[in-house]
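The same subunit A turns up in both complexes below, where it pairs with subunit B and then with subunit C.
For the complex of A and B:
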């Protein structure tokens, strides 16, 4: 009888621990559940679009210099993009190639934005309909991708980049 | 004959548009809006959801199958973009968990009923 009661308590304890672990993992561990990171490790899609600067059609592999490349999705209407701007400038000062994808923006506003805050991008491709962004698995601005010498995505940052991210990229150089 | 042709072209384009719309709705209802709280792409009006809606319509017009559209989006956003993810080793607990709990519950009730008899 005692053994049966003991077994019941033990079973309840095991079930409690099991449910606790599931809730713990769901609430505290899987914070990046809806931050798609499936693109990491894949080849960078060869995005083709109009350049913001000279209106000609350009493809990413034409611009790529076979070294670490940073692809940053931005828009002039996006407030966090202003916050990350100094860090992009820091990357540029350290000779990191940065390509901008101008997400659903007005060309004039985008140019004014780059004039006002300075231009960290070697080239800016226009993504007026959000199609380039879907091809990259982007769901908001700003987002930043790091591409290695083999044109492979090695990292992705969701939201404004910071000093930690800049240092990480500089170490890759 | 001329009127018949005009009627046919108009009817065909309407029928085609409505089929695209129906397929687009059924696909976007099964896609999770990744920037919203528990909404589908179909229900949401966020930039992300609108981009995906336009993308799905465009792909349907390119004669892509539902499976091809889902697969493309999964390759870009992962399985989390689906409301109804496919069965895999990673999410087997999610699929089998409820069945397991049901069977355990049924077993306990069955045993209790037998004991009281």
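For the complex of A and C:
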């Protein structure tokens, strides 16, 4: 009798472990598929907005000089933006041009944020209503776009960027 | 400040929940129940706090910031509370607590048994509470406060969709109490007819809520999605159908336990499976493992957590079931008895469950091997149809039989009569409508057999003066539902076409004229309204479907336009127009007997409601 029950429990666990592994694999399998790659390969819209630093109107093509440009959407209230900040600084040290889009933020808070953590951006465009970001199909903050000199979007990253992404950009240079 | 208070409440609630366990082990039953109640009340309080934060657009709170927007109408701010992962999880926990509270309020017979039930309920509560606080705390703080929220998901801004998830949850989560009841009964060796009587109203309540939840989802899909159908075999629809199938099997085997004190092991197994499938449903919807309209949360780490919880709860329950199950003698009953037909009913329902389960998780398994496949209605319809016919016939015969008695030949006469009439009538229908199809014929035949048998039973009952309405009502609902499904599937018409302004499209007796289109800008969306004139034989009427383009986030929703008749619908939906084209993509559906489906669902639910309140003689 007890042998039979023991066998039942044993086979139960074998089956469960098997099912668990299947679901587990599937969960992480789908993660890759979920990053929307819609904007990649398309032309970067020429974003025009007020600059955070001198209140004049600036457009992307005025600023863009080098081989590649990184456009980073950030906000002072966004916690993951603080996580990715050191990586942005690393890009700056390697002479990568970075333009910030300040998403739905208060100008004073944004300036404080850049003072406190140092400024990786060559220019910051204000996007207080989120209109610029909508044109880019932004999912949430932070989000980062890589643009080549023909204004083509060659890569994008949703969420805080990491070392892997930084190295990818540095190789492009 | 606000966030701190809410977090404090959550932590206190966890503490009380631990105290409940502690006092339970110290055999201080009353104290243990007291702390469970206190903990539940705190969660209810925190849920109301979250509602308040949503309504007052307090973007300090992460859940509010991510899912709300100051421009939202107040009603949808309120509903946004449970329209996201964190809030819905809190709702889930609150309902676990509420079921526990109600049980401890209304059950006062056996204090030892009661404290066991509360103990199990408390641990389900606690597991999810820990999950909430560690991975998805709705009250996380954002500093500095954002000036505007992110969420304005327009497709979810529909009153039906606002009440659909809470009903589903009331159903899913209600089965947690069933699980607690069955585990306590197993441990205390009280799994018997008395227990089944205690269990009955709770199981029925959850079942009714689940059925309402599924029906609302189906009605929403029909009116809002604009594809003319009411059920799409979408994986998430299946996720709610699976617990429904198991719980329906559970209800029937519980009945045998209640009346005959048999099928104990089987009933306890079904009770455990019901809650496991409810959790699986939650997992499929919430983990983002499926690509579907419903998959909101795409965070695999949370998925792993839910997965662990499901396997933990299920395996602990099953181990208890295996260790404590009584060595019940083989149930002996005659073939032509009610018991054996309930058995057959259970096997059929579990077979349906297996088919749906396979269809739902097969794409998941194949995705591991990088193959994307999707399983469509053809699979389900082909496999299920033949078994549905047999199921409906058995459903007509089963309830006529007596408990553990073989039926006498004499009693079979009315059934044969009904069978004969149904054969003639369905043959007539097929001939008159010139739809010669075997599946349709068998569908109509078997549904009619069920419906007529029930009418006969109702007639007999009224003559005898004895009433047992719940079963008759629900079963009649099933008959009407299937009859309508078959009618709808075979007699509906669809036309899909491109039309330009002023043009008239003619199909046989139907012609559709595109009169005009207007574009409005309303609050946060653009609305394009098109007006059509429809001529069907002598009938003339106007339909005005529209599409909306929401700007933030950029999303298109469709508003269908419907001209109802007594049982059927003329249904028109349009696509969002291309900027460069002069034509408009239009879909016309004639949905035959669609109201019959709603009526069937209503009868099923109404029967369930009756059985909650009516004590069986």
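Here, the second predicted complex is superposed on the first by the 138 of 173 C-alpha atoms of A that agree within 3 Å, B and C clash if a C-alpha of one lies under 4 Å from a C-alpha of the other, contacts with A are read in each partner's own complex, and residues count from 1 in each chain.
Heads up, the rule we're going with is that a contact is a pair of C-beta atoms (placed from the backbone, for glycine too) under 8 Å apart; a residue touches a chain by one contact, two chains touch by 3 or more.
These figures come from a predicted structure and were not determined experimentally.
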Now for A:39: first (subunit B), second (subunit C), both, or neither, which partner does it touch?
first
By residue count, which of the two partners contacts subunit A more extensively, subunit B or subunit C?
C
So, does A:133 touch the first partner subunit B, the second partner subunit C, both, or neither?
first
Give one of first, second, both or neither to describe whether A:104 is in contact with subunit B, with subunit C, with both, or with none.
both
Where on subunit A do subunit B and subunit C both make contact?
33-34, 104, 130, 134, 137, 140
State the interface residues of subunit B toward subunit A in the complex, per the touch definition above.
32, 34-35, 47-48, 50-52, 54-55, 74-78, 80-81
Where on subunit A is subunit C touching in the complex?
1, 5, 8-9, 12-13, 16, 19-20, 22-31, 33-34, 75-77, 79, 104-106, 109, 128, 130, 134, 137, 140
Where on subunit C does subunit A make contact in their complex?
142-148, 150, 283, 287-289, 291, 298, 300, 303-304, 307, 311, 314-315, 318-319, 322-323, 327, 361, 364-365, 367-368, 370, 551-554
Under the stated contact criterion, what part of subunit A meets subunit B in this complex?
33-34, 36-39, 104, 129-131, 133-137, 139-140
